[in-house]
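Can you read through this structure? Questions will come right after.
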Amino acid sequence: MDKLLRSNVSRLLKKLSEHAEIYAPTMEDGVCVLSKLVNNYDDWTLDYVRTTNSVKDIFFPQNEEIMRYKNANNDLNIEPPKPFKERVAFGVRPCDAAAMLLLDNVFLEGEFYDSYYKERREKGALITIACEKPDQYCFCTSFHSSPGATEGSDIVLYPADDYFLVVAVTDKGKKLIKANAEIFENATEKSGIVENYKSMKTPIGNNCSPGELNEKLKNEFDNPYWKKIARRCLGCGNCTFVCPTCHCFAVCDVARGCDGKRTRTWDSCKFQDFFLMAGDHNPRPTQVERTRQRFMHKLNYFKEKYDKYQCVGCGRCVEKCPVGVHIADVITHMKEEL
Amino acid sequence: MSVEFKPNIICFACNWCSYTGADMAGTSRMKYPATIRIIRVPCSGRVNPTFVMKAYQKGADGVLIAGCHPGDCHYNSGNYFAKRRFLLATRFMTFLGIDEKRLRMEWISAAEGVKFARVMREFSETISKLGPNLRAREEA
Amino acid sequence: MCSSHNQLVPKVATIKKIAEETSSGDVKTFYVEFDCPKERAEFNNMPGQCAMISVLGVGESMISITSSPTRPDPLEFSIKKMGKVTSALHDFAEGQKIGIRGPYGNNFPADEWIGKDLVFIGGGIGLAPLRSVINYCIDKKESYGSITIIYGSRSPSDLCFKEEIFENWPSVEGVKVHLAVDKIEEGEQWDKSIGFVPQYLEQISPSPDNAIAITCGPPIMIKYVLESLEKLKFKDEQIITTLELKMQCGVGYCGRCNIGDKYVCIDGPVFSYKQIKEMPQEF
Amino acid sequence: MKKIGVFVCWCGLNISSTVDVEKASEELKNYPGVFYADDYKYLCSDPGQELIKKTIVDNKLEGIVVAACSPNMHESTFRAAAEAAGLNPYRVEITNIREQASWVHSNKEDATAKAIQLIKSTVEKVKKSEDLFPQQIPLTKKVLVIGGGISGMTVALEVAEAGYPVILVEKEPQIGGNMAKLSETFPTLDCASCILTPKTAEVGRHSNITLMTNSEVIESTGYFGNFTVKVKRKPTFVDWKKCIGCMLCQEKCPKKTNSDFEHGMGKRKAISVAFPQAIPYRPIISEKECIYFKTGKCKICVKVCPVDCIEFEQEEKIIEENIGAIVVASGYDLLPKEELGEYGQGKYADVIDGMQFERIASASGPTEGVIKRPSDGKIPKSIVFIQCAGSRDNQKGRPYCSKICCMYTAKHAMLYKHQVHDGEATIFYMDIRAGGKGYEEFVQRAIEDDHVLYLRGRVARVYEEDGRLVVLGVDTLSGEQVRIEADLVVLATAVIPSIGAKALGQTLKVGTDTYGFFNEAHPKLKPVESMTKGVFLAGCAQAPRDIPETVSQATGAAAKVITMFSKNHLVSDPQVAKVNEKICVGCLLCKPICPYKAIEPEIVEVRVGCRAEKRQVATINKGLCQGCGACSVACRSGAMNLSGFSNEQILEELKSLCL
Amino acid sequence: MMNMTEKMLEQIRDLFEKKNIKLFIGFEKGFEKFSRIPAFAENYDEAKSMIIDEFETPLLAKYLIRELGEVGAGAVEKSERVGILTRGCDYLSIRRLVVDNIILRENLVIIGIPCNGLIDPKKANKLLGEEAQEITVDEKIVLAKGEIKSREINKEEILLDRCKKCIMSKVEESDILLEENMDDMEVSKDYSAVEEIEKLTTEERYEFWRRQFDRCIRCFACRDACTACNCRKCIFDITEPEMLEKTVATSEQFMFHFIRAFHVAGRCTACGECEKVCPVDIPLGLLNGKFKKDIELLFDVDEAGIPAEIEPLGEFKLDDPVEW
């Protein structure tokens, strides 16, 4: 078990930045954002519960170039993007790290794997910091995770008074520690710091754990509850864009005269034209179908396909939805009703 | 700038006054720099501030809107509405951080070929001094 | 630059020939060849599969491959002018370059139909996906029973693949072609029957035993055809159709084309009526 | 919509001198979307037009870009050519690479690069063009002529003869304008009123002409073929219908005042008619002069009038007329002497302008045709005429030549010499402009037969010295200073647009140039049309000109009006606004913007999926809309668009210009 | 405030009994302690859970677009009426929709309630340092009790942003007024925040906005919460012509915020919903504030937030200022 002094964190980040881009939580105009540190490596902060944008931003960025093409007088050639640089995300929360495993199911398993995501995952490392103080929106314990969970992270730092207890989870994490051994010290005291993080409870507790909800939801397609909450929904993409597990995207071409590029950007199933087809046919024309699609996908379809619920209880949609249409509300209501 | 910077300036010219003024400058062979590209619009009231923002985004370094003198508009009130829109749009663009010298509005009547050429030379001069506009411009 | 296993980057291909199917010009067939033979080799498509055609600078669209693997080159795509990408394609000239990736989706389970009678019911442009499996079965006619093709469209000029439906297919023994149009303008000579496809199907009433019905066409037509087939006592697993939903990535993770937990681009587009009944009715 | 043809014109040397036309058409050959690209010496010539037509037909082109001169010149020509070849004319766009590239840039390489980029951006615009079809709108076959001078009357008579009703509005109480004030007219010296009175009489009695004298146009709305004009008829305080024209009132009226018809050379009564041959021959009371209006007493005219038609309490009337076309013939005025400081600024009574000399020389004038000095009435022994007083003078802001002064000054000198054979007539001139038919011979006659002395040089100062006027000038041919004492000095002051012309222009929304003359649509090709469709120009309102030119121009304007009225409905320009009813939410933010009030809300049935839904949307009155496009900017969702200059077209043009 | 809720429920009962309304829109308790979320009741017993109190609530007017017609049917014909709970700022938003012909005033039953500033629980939690369990309000002083700490805060500090610059606290015209407003909220017009940005140099301003817009994730929550954004099909959803590309790049963000700010220029009722719903807290109020300040300065409009029959950009005066 190793130990990392809080004062050495900036040194560690500076050393890692030699061959990798460093992402860390920074305060920007009162908003905590996971952003790339360029040269000032002690710009990071620790007084946040969760960063507004999740670590999904690093592996599946909102805006990603798929390819560039040149089509001057009809000889078309297409160049795939240049290889990506190494990336290290510091200050990730356990729930976000767990979310990355869900995205792995989508992008890496199945008949086709997504080469962009695969390359970024291989070249990315997650240094997670356990949550000292989950707030009223967190419900990671409902998805048998905890403020101290280690799934999905390479290294987990457990904050103690002036140092972090370091737990290397994956061999990438071990290699990373070995490469910067001089910054870490080995920890002598083995008190139950790690255990009490793992057993820490969130204010909401587990009353949002879905349990066997996906079986019950199968025949809840026409439940009037969907209409009730959909009536409140404004139809903005807020909940889907802050959610670390949402992976829908749109492919669009950007032309500059004869050349251009094809990009992939996040898209939201809550938008009006997400399902609109040529000939103006829309299988989900009103907000009711779209709201149902969002929650059925998270709590039923994903479970059918990958046997895991597509939620990690990070609480972002609970905090950010202006009109209170979020998964915690749905789960609690559905559990009572069914 | 190693290679001499050639500004790319878009001019929206109203068909009845300024465009004819530009023709007048042409027929009297008045020279102005080749950095100006003129887009003919029926009236200065047709110019949507979004077009100006789109021009900056797509790579224009300066935008000039030329219309009839207030009171002379062929459609009677087009330039008054244009004036109101661009009174607000210029201030808002400056508020967003785009240099206010990059947008200019001029009243040029059909007979003022001389003024047209002079304004073009002046504007091209100011923009060349300002250099390329990298703000709100789209990435390659 | 030939091979890259990156799924989303299209391969370069050239349009060799463009044939107008309907006189009104809203359906054209594009004969397309890969520029790099190695990529063509990797692209072995089965009947009923689709490919993502990309018009660089405009976008991509999932189009079913209408040529059968038994007659591999060139690949044929029949495209109706509907949205942004398809209308851009309709403005293309021969020799222009497009992007292709795929093949995607499952295919008609032609091997399971060995020894069975096949009934193909197509409407308008809906014949395009069926044509690949029809030609496939005709090239292997000996392993199949009788083939009945019932095809209809709005008007005679809207019929696609005129050459095949009038000459080639009827000339093959064991293949019967029945054509119907909704209405004809005066002065147009038309000796085949007039009426909607579902009613026409009930007139011909193919026998359901040891038979498979495959249908594709506009959603309203499919609704009534399924009812007629039930009247003719075809069982649900005997009826196969291919669904037409918006597909954006074609590889199953852009979340666009899901019906329930099935993705049309991976688990479809070919579904049996039994599977469709189990899905939530949201397509 | 891909198959586009690009034609680059050499325009002789005009374009090809600074734009490499071959390089341009070569580069356009393989630009995406361009099917055919070629260059040609004179595209606007007939073989050029044939080339375009043939290429359209052979290759079934769907769009044409002509890179040549300004669209104001030949857009209609090339669009007509395309229409003849079966292509919708609004698929043709012009790139101006002459006035905006070759003529204004000297560096050939820059000009060519700019020309190529302009053509490419027009190709992008044509790609987004649509087929547009003109609309038919109803037409009121009635013309309004503003100004009752020789040009207004000629237009009125020509149009009335063609059988269409005419409304002739004149600001003075009688028609005749400036010509009625002239004595004789050059070059034939026939008396002005002899050739004018038949015309004024005919106008007075023509059944198709409604005379509205003493009136002015105060408001004009609507558009060509459907103007609504408001005319203010100022009160004459005499009921002209009852009045029999016996003019007893004029005789008996005690109050005398300056007659502005006589330009201060003669007097008139408070109630009077301007001159004996005036049409309508009815008196008018001048409110400022009449004693009754000032003090409430007198009323002699009321007592004297046999038919009792004096109406002191007459009010001004506003009349509204529906009009199909408007002809502006507002004529000219002379530059007031007060503005010429060096010639005495109007202080000296014996320094008069051309019109005052006309009145003195006119038989029906105050001096019955005898040329006398206005100060003491004596016959002047020597007269000095000064040409270009205020014209061709940059400091005074009037560099233009007033065209008619050379001729009428020669005429004045001849008239004087015919009356006072031994009188001395000296003319200071810069250059004699006598270009008309018989003009030069007329001036030679003045010099040889009537011994008028022509001194080439400008007059420096005119001042009064013990009762006589001293004229200081220089004779540039001999190079000496010249000092002449004269009894009378006549200034050929500059011709300026008539007072109120600028205001009339703004009422009719017709532009005027920097000097106040009305802007013609094209100096050479459309001299009688204004920039506003349906408004025509005739006479000195457009530029200084003599009577023969005025009459020919007036006949031209009348011909334009008659051709316009020859069809029973008008074809409107299809480049008007268009509403996409699927997107319009009916918020009507566009409605207050439209200057022609062409936008109205309407409830329409729209199919949404399987239900028909009632929606309120904005609709455009295609006849009223003139296509200014200001409403499309107010529309947030882009439902309101302008065909011909649509959002898509302008954006594509913009994008390709910024590449 | 408790009796206010009973008064409201009473009114709702008799509205439903008299078949006056087909739907009533109000507020009910949300998932967290002090969150109030919109509630829709089609009969009286569904409305029982509705409450009125001093905590921050979203604006309800935006839902009228969907409820009062098919998808944005527009003001076409009289239909069954919809009841709505309205404070001063709600009333401005409703007036915005009526002036824009999106809904007919006769299709509405406006129940006006008094308001002297709403409390933002998030600000209370921040001041307290932890999630407040109980918040009691009397006049100007607020007592917030968390598990560990409890503090007395004066109400000014935790007022909702829009309430600090409230344009209209009374409901000008309502069908039923539950209670007259006690004292008018005396608020001066302060554009200090806008002026602060104006003082920066152009370079700094661009940096400031580039930093803000780089955080924008283009979720359109600001557009979907704004009543001035009431188009049937938003220009950002139209692909031909594509005014805004889907790619999220700095220049596209400037384009998006420029177009949206321009569309609501002179029409924004300064309700502050856009700023409130933004997940990354971009100060959008500054953008609309800048337009409001300029309009009031240049076209001498005394309060640009109150919807006028013709919007400022829909008219002109001959003596509009000339200098740019």
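Each chain carries a letter (A, B, C, D and E) given by its place in the written order, and its residues are counted from 1.
Criterion: a contact is a pair of C-beta atoms (placed from the backbone, for glycine too) under 8 Å apart; a residue touches a chain by one contact, two chains touch by 3 or more.
What you see is a predicted model, and the numbers here were worked out from it, not measured in a lab.
Asker: What chain lies farthest away from chain D once each centre is taken as the mean of the Cα atoms?
Answerer: Checked the centroid distances; the maximum from chain D is A.
Asker: Please tell me whether B-D or A-D has the greater number of C-beta pairs in contact.
Answerer: Counting C-beta pairs in contact for B-D and A-D gives the edge to B-D.
Asker: Most remote chain relative to chain B, going by C-alpha centroids?
Answerer: Computed centres place C farthest from chain B.
Asker: Quick check on this structure: which chain has its C-alpha centroid closest to the centroid of all protein C-alpha atoms?
Answerer: It is chain B that sits nearest the middle.
Asker: Approximately how many whole Å separate the CA-defined centres of chain C and chain E?
Answerer: 51
Asker: Starting from the mean Cα coordinates of chain A and chain D, work out the distance between those two points in Å.
Answerer: Each chain reduced to its C-alpha mean, chain A and chain D end up 73 Å apart.
Asker: Roughly how many whole angstrom separate the Cα centroids of chain B and chain E?
Answerer: Computed value for the inter-centroid distance: 37 Å.
Asker: Using mean C-alpha positions as chain centres, tell me how far chain D is from chain E in Å, no decimals.
Answerer: Each chain's C-alpha centroid was found; their separation is 56 Å.
Asker: Mind pulling the chain E residues that touch 2 or more other chains?
Answerer: Touching at least two other chains: 71, 233, 240, 243, 249, 313.
Asker: Any chance you could list the residues of chain D touching two or more other chains?
Answerer: 593, 647, 651, 659
Asker: Which residues does chain A have that touch at least 2 chains other than itself?
Answerer: Expected reply: 74, 250, 252, 256, 267, 285.
Asker: What part of chain B is in contact with chain D in the complex they form?
Answerer: Listed in rising order, the residues of chain B that touch chain D are 8, 10, 16-17, 19-20, 22-23, 25-27, 29-34, 37-43, 45-49, 51, 54-55, 58-60, 68, 71-78, 81-82, 85, 109-112, 117.
Asker: Could you list, by residue number, the parts of chain E that touch chain B in their complex?
Answerer: 194, 197-198, 202-210, 243, 249-252, 254-255, 257-259, 261-262, 265, 287, 290-291, 294-295, 298-299, 312-313, 316, 318, 320-322, 324
Asker: Spell out the residues on chain B that touch chain E in their complex, using ranges where they run on.
Answerer: Per the stated touch rule, the residues are 49-50, 53-54, 57, 70, 77, 80-81, 83-100, 103-105, 135-139.
Asker: Using the touch rule from the top, collect the residues of chain D that touch chain A in their complex.
Answerer: By the definition above, chain D touches chain A via 30, 32, 609, 656, 659.
Asker: List the residues on chain E that touch chain D in their complex, please.
Answerer: 70-77, 100-102, 230-235, 238, 240-241, 243, 263, 310-311, 313-315
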